[in-house]
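These are the structures in question, set out in turn.
Common to both upcoming complexes is subunit A, partnered first by subunit B, then by subunit C.
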Partner chain A sequence: MVFEGIAKTALLGFEMGMTLVLVTVGLTLIFGMMDVINFAHGSLYMLGAYFGLAVVGVTGNWWAALLVAPLLVGLLGGLIEYFSIRPLYGRNPLYHILLTFGFAIMLHGLVTEIWGGQVQNISTPAVLDGSVDLVLFSYPLFRLFVLGVSIAVTAALWLAIRQSDFGIVMRASAHDSEMVDALGTDVNRVFTAVFVLGAVLAGLAGVLLGTARAVDPGMAASVIIQAFAIVVIGGLGSYRGAVVGAFIVGMLNAFGPMFAPQFTDALLYLLMAAVLLVKPAGLFGNPEAT
Partner chain B sequence: MGGGGGGSDSVKLGFVLPFSGTYSFLGESIVNGVKLRLDQQLDGEIDGRTVEYVRQDTGADPSTGASITQEFLQSENVDFIVGPVSSAVAGAMKPEIAGTGSAIWLNANAGNYKLVQDNCTKYHFRTSFNTWQTSAPLASFVKNNVSDNVVLSYANYTFGQQSKNLFREEFESIGGTVVSEIGAPLGTSDYSSFLQEIENSGADAVFSFFAGSDAVNYIKQFSSFGLNETMTQTGSGFLLSADTLQAQGKAALGMYSLLHYTPTKQSDRNQEFVDAYSGQFDATPNVYACQGYDSGLAAEMAVKEAGGTDADTMVDSLSGKELDSPRGYFKFRSSTHDPIMDMDIRQVVEANEGVRNEVVETLSKVEGPTWGCSL
Partner chain C sequence: MGVRDLVGRRFSAHAQTDVLSGRVRLGLFGAGVVAVLFAPVAQVVHPFWMDLVTHMFIFALFALSLDFVFGYAGLLSFGHAAMFGAGGYAAALLIQNVTASALLVLPAAIVVGAVVAAIIGWLSVSARGIYFAMLTLAFAQLFYTIAFNDIPAMLLGVEAVTNGDNGLVGITSLTLFGMDTGSLMSYYYLSLAILAGMLAVVTRLANSPFGRVLQAIRENEDRVAFIGYNVDRYKIVAFTISGAMAGLAGGLWVPFNSTATTSMLHWTTSGELIVMTLLGGMGTLWGPIAGAFLVVFLEDSLSAIGNWEIYLGIVYIVIVIFAPRGLAGIFQTVRKNPHPKVLLRRAGDALTTYREKVFQ
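So, the complex of A and B:
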């Protein structure tokens, strides 16, 4: 009984952590490459859910939403980067913070204007409805699906960054963008590609979690706080840090209510403060980069 | 100071409501309700006086609410303050209204019972509900029909804490057992680990307070983890209300809740209201729209009975009076100016498109404590 409870809570924590990875990876890659602190990242996540809602509304097909909504978010992310963020590279990072914060407010207003402030819902596709018997306990099938997608995406991205040519250029650009530029690679295009990638991942997370949970304009704010906490814990700009940080926060979210239900929120900030005291650059951060 | 607005030929209402952010939908619903009564049904006139409005956005910020209230009272010379949504904003507005004493406050949503408990003011009339009314009266229904033991789960902020405390007091006073209680932070999006604790409690029923997107997230996850098969979910009506029920869908089937307004309530008065509202706004009225509508009814009655807009005279013409509310019986209690009203216990059932609340039992003329207030 106790063992089952702990096993189930551990799986819950693992699932929460892995889904948080989808949101935080984009945030951390964009910071790591371009030094842009993207406050609009939570809004891109929210847009993923609303675009998903719209695509399901038009086509009646959830799988179409899973495919199309992230691409639309990616397209919008690309436009935002190209037309507004790019002109500000090399300036004081405060400009980017103000700019993306402005986008967050605008997108919130736009979503409220188009879809209203009421809570909405994307129905789970019939084939993923119901639960699976995992011997010790049963678990909702859709949540296992989300977990599977998150693991697959995280692993694929890890491989891509480590192994592919684009990954090498990415890492090199993060390290010394001027040198990469001088060697004949258009760094600006790399930056746009990374921004689009981050937006697609946020959009994907939006469709998946919007289906598992509720869709409402407040979802942007609630995810961005956790995402920033994870990025700070893991180390700004570190992919490994984002994954490990998300895993830790997921476990904290899962086991927190078992031991201290009243303080779950506070635990996150206590952990963040503790990590910063010991390692000011985060668990995997590069102290020289900050 | 102009011509001292609120003079003999006009009635001025000031909306102190959220028009942006999470609660903007609630603010708009309240305004719609007020305008349905005063603009559509009364042609924008009460007793020959033209109705005027001013509105400003509080967001969810108490100090903004207080400063808008002050401005409305002192430079706009409003006769009625309608709002707010948030109980915290209401707390900040109270001293402004009590101190000035020049307008009637039609509290169209904030349910915090402490507004009445601490220095109650005669200018405060609740056209909504108080926390006790939306939680405690469900206790005897749960004890008699559902289970004699419950676990409490709630959004961990003032209103959620009040709701579960008031339910707990009542449930224990009639011999029920509260097995344990689990508070989740406001705005939690993943409730799975809290649900694990609810399941571990071993209780047969749950009493909850969650609202808005929290209510949708909580209920969907409650059912997806199969808790609906082993426990009966009950709660304050905001858990399963018209603004969340469509998003909750079949996950909410069979659950019980308590509220003072149910759009599907079978009565001629309600049907008339639903038809008028949906004809005007192309939407089904929710509880906030009803509270707005009742604020319109109260403003109408106050001005008519008082023969003008003098605040003290209007207080006397509303205190202890009944309103013809779509929700059922409604009377401003003389001692507190909170409503004495009918409360519906509803169960979620299947409907043509999705689900709806069906009234299982109506508790008539629910009063609750006075918390020492004696106006």
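So, the complex of A and C:
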């Protein structure tokens, strides 16, 4: 039936959008705080998937991978911020694009060198194997799990940014880092923490999507471009914008192939360009930042 | 603040000798002589070297095109692959369907590159900095998906135009005045001549009042606008000229490589180009050429050891952190402080600054 098809596609689009949120919030928080466009963010997502693959290979336990791989990615993200991004603060922000692009090249080479260029799979944990009957259609249980985790993390993060002490410091630092620094908070540490947080989320998305789909060295390049489109549509630095943008792009990805398969990708870039031309700062962006 | 700031000491033709100083001109002339003499030697020693150097020439031309907008006007284009690919596809389609004459194919590649750049530039120039980079990236990816899904074929109702993911293969070489340029040596000289010619054009442009305005825009576009220049128009014209050169590079690359593929249009190609320009040193004319030579050489020689991307990435990261003006900047520092002791001290200073910034 048509209705079933639309309902299933809508759920798929919702799932795609919510998982993209995990990748894009890191990107947008990092930009909002430090004005850094992180080209290596897709590579951190890819590393999450490969670390997950490695942990499952060693321990045989998928849940261990879900826990350990994002932490490893977070550690690496912290090191990158500490030793290479931090010394560049105060320079033209374009240098951060250039620097992180270097990391993207290096990590692509490194992953291909270690794990090879072929497509690999992380096996789904037995508990989450199979599908669920959702009245109108059945849906893979694992992908529902991914959707649930994404929603939970997005909501928790939103609450944390709104309510927690760290969230308040974060927002204050994004607003006026010099003032926060003067008031006795080490802004550099806040920056590192946000970078680590973004990397952990990207790593988490890597494990989840690496299991749901596939793991290959090209996944960094394809996700980063989508993530850029999302943050640009939503507004660079806006959390709400990242969520709304990811939702729009998820739906576009799901419904596009139904109606205009050849135009789906083109539509994404047209949408991105159209939004930028009408609202240069994106839907929820701060126009003064341009 | 006023006109004097713009056309005064700092930007006068006398003081600003950096565009191409006498010594650099001499160096480039020497390099040209070496390049001309290189081909017969390579022919005897190992023809493969000619292939590699031709590859370098074409990407040097491509890098020069980015340098003109990024290095001079300060516009970080993340979409130069669009013009490179458009020129390349135009050349491929002409060679396959109309003529292989270089006198028609290369100008067509230039025009197509210029038109694509004019459109992207016109739509993007009002955005600044990061947003400009993102917009050019979006438009370039649009061209990529158009070629990848062969949307022209669908619109025209024919079977294939860009031939999608497979690309256009078996492109024959160009002819020039009825002669085939298919031999490695003739293509080597053709590319060298075009690179030298375009270098002369860009030198002339960079030294012209137009080039000075671009540099002023790079330094402070608000001031230039206050004085009364139409900044957007200058940017669009610069972007179009740059796109024309990128299209020419694409038009040269396709017959050399005998294929036109979607990878020419992919954003990673734009990224690679930025790596070349920055490694060499943007804003100097010989820097990006040297950068393109270095990257092509590294790609080729490091692939024997393992994955060249790892080493290229590391070299690039170190350069961005410690020598943001690239090889050209290192060269200038060495020339100003020829004494090894002074150089060592400067390197030590750089490390100290880095350490202070990291462990403050």
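By our rule, the second predicted complex is superposed on the first by the 290 of 290 C-alpha atoms of A that agree within 3 Å, B and C clash if a C-alpha of one lies under 4 Å from a C-alpha of the other, contacts with A are read in each partner's own complex, and residues count from 1 in each chain.
Just so we're on the same page, contacts are C-beta pairs under 8 Å (C-beta built on N, C-alpha and C of every residue); 3 or more make two chains touch, one makes a residue touch a chain.
Every value quoted in this text rests on a predicted model; they were computed, and no experiment measured them.
In this overlay on subunit A, subunit B clashes with subunit C.
In the superposition on chain A, contact is made by A:Met16 with subunit B only, not with subunit C. Look at A:Asn121: by the touch rule set out above, it reaches subunit B but stays clear of subunit C. In the superposition on chain A, A:Gln262 contacts both subunit B and subunit C. Of the two partner chains, subunit C is the only one touched by A:Leu110; subunit B is not.
Contacts of A:Arg143 after superposition: subunit B is touched, whereas subunit C is not reached.
Once the two complexes are overlaid on the shared chain, A:Pro280 sits against subunit C while remaining clear of subunit B. Once the two complexes are laid over each other on the shared chain, residue contacts for A:Tyr82 go to subunit C alone; subunit B is not touched.
Only one of the stretches 4-12, 40-48, 58-66 or 202-210 in subunit C has C-alpha atoms clashing with subunit B after the fit on chain A, and that stretch is 40-48.
Shared contact residues of subunit A, touching subunit B in one structure and subunit C in the other: 109, 112, 221, 262, 265.
Note for the complex: subunit C touches subunit A at residues 76, 78, 123, 126-131, 133-135, 137-139, 141-142, 145-146, 148-151, 154, 267-268, 271, 274-275, 278, 306-314, 316-317, 320-321, 324, 353-354, 357-358, 360.
By the touch criterion stated above, subunit A contacts subunit B in their complex at residues 5, 8-9, 12-13, 15-16, 109, 112, 116-121, 123, 131, 138-140, 142-143, 209, 212-219, 221-223, 253-258, 261-262, 264-265.
Across the interface of their complex, subunit C is touched by residues 37, 39, 82-84, 86-89, 91, 93-95, 97-99, 101-110, 112-113, 188, 221, 225, 228-229, 232, 236, 262-263, 265-266, 269-270, 272-273, 276-277, 280-281, 290 of subunit A.
Those residues of subunit B lying in contact with subunit A across their complex are 20-25, 28, 156, 182-185, 187, 189-190, 192-194, 196-197, 200, 212-213, 215-217, 220-221, 224-226, 243-244, 246-249.
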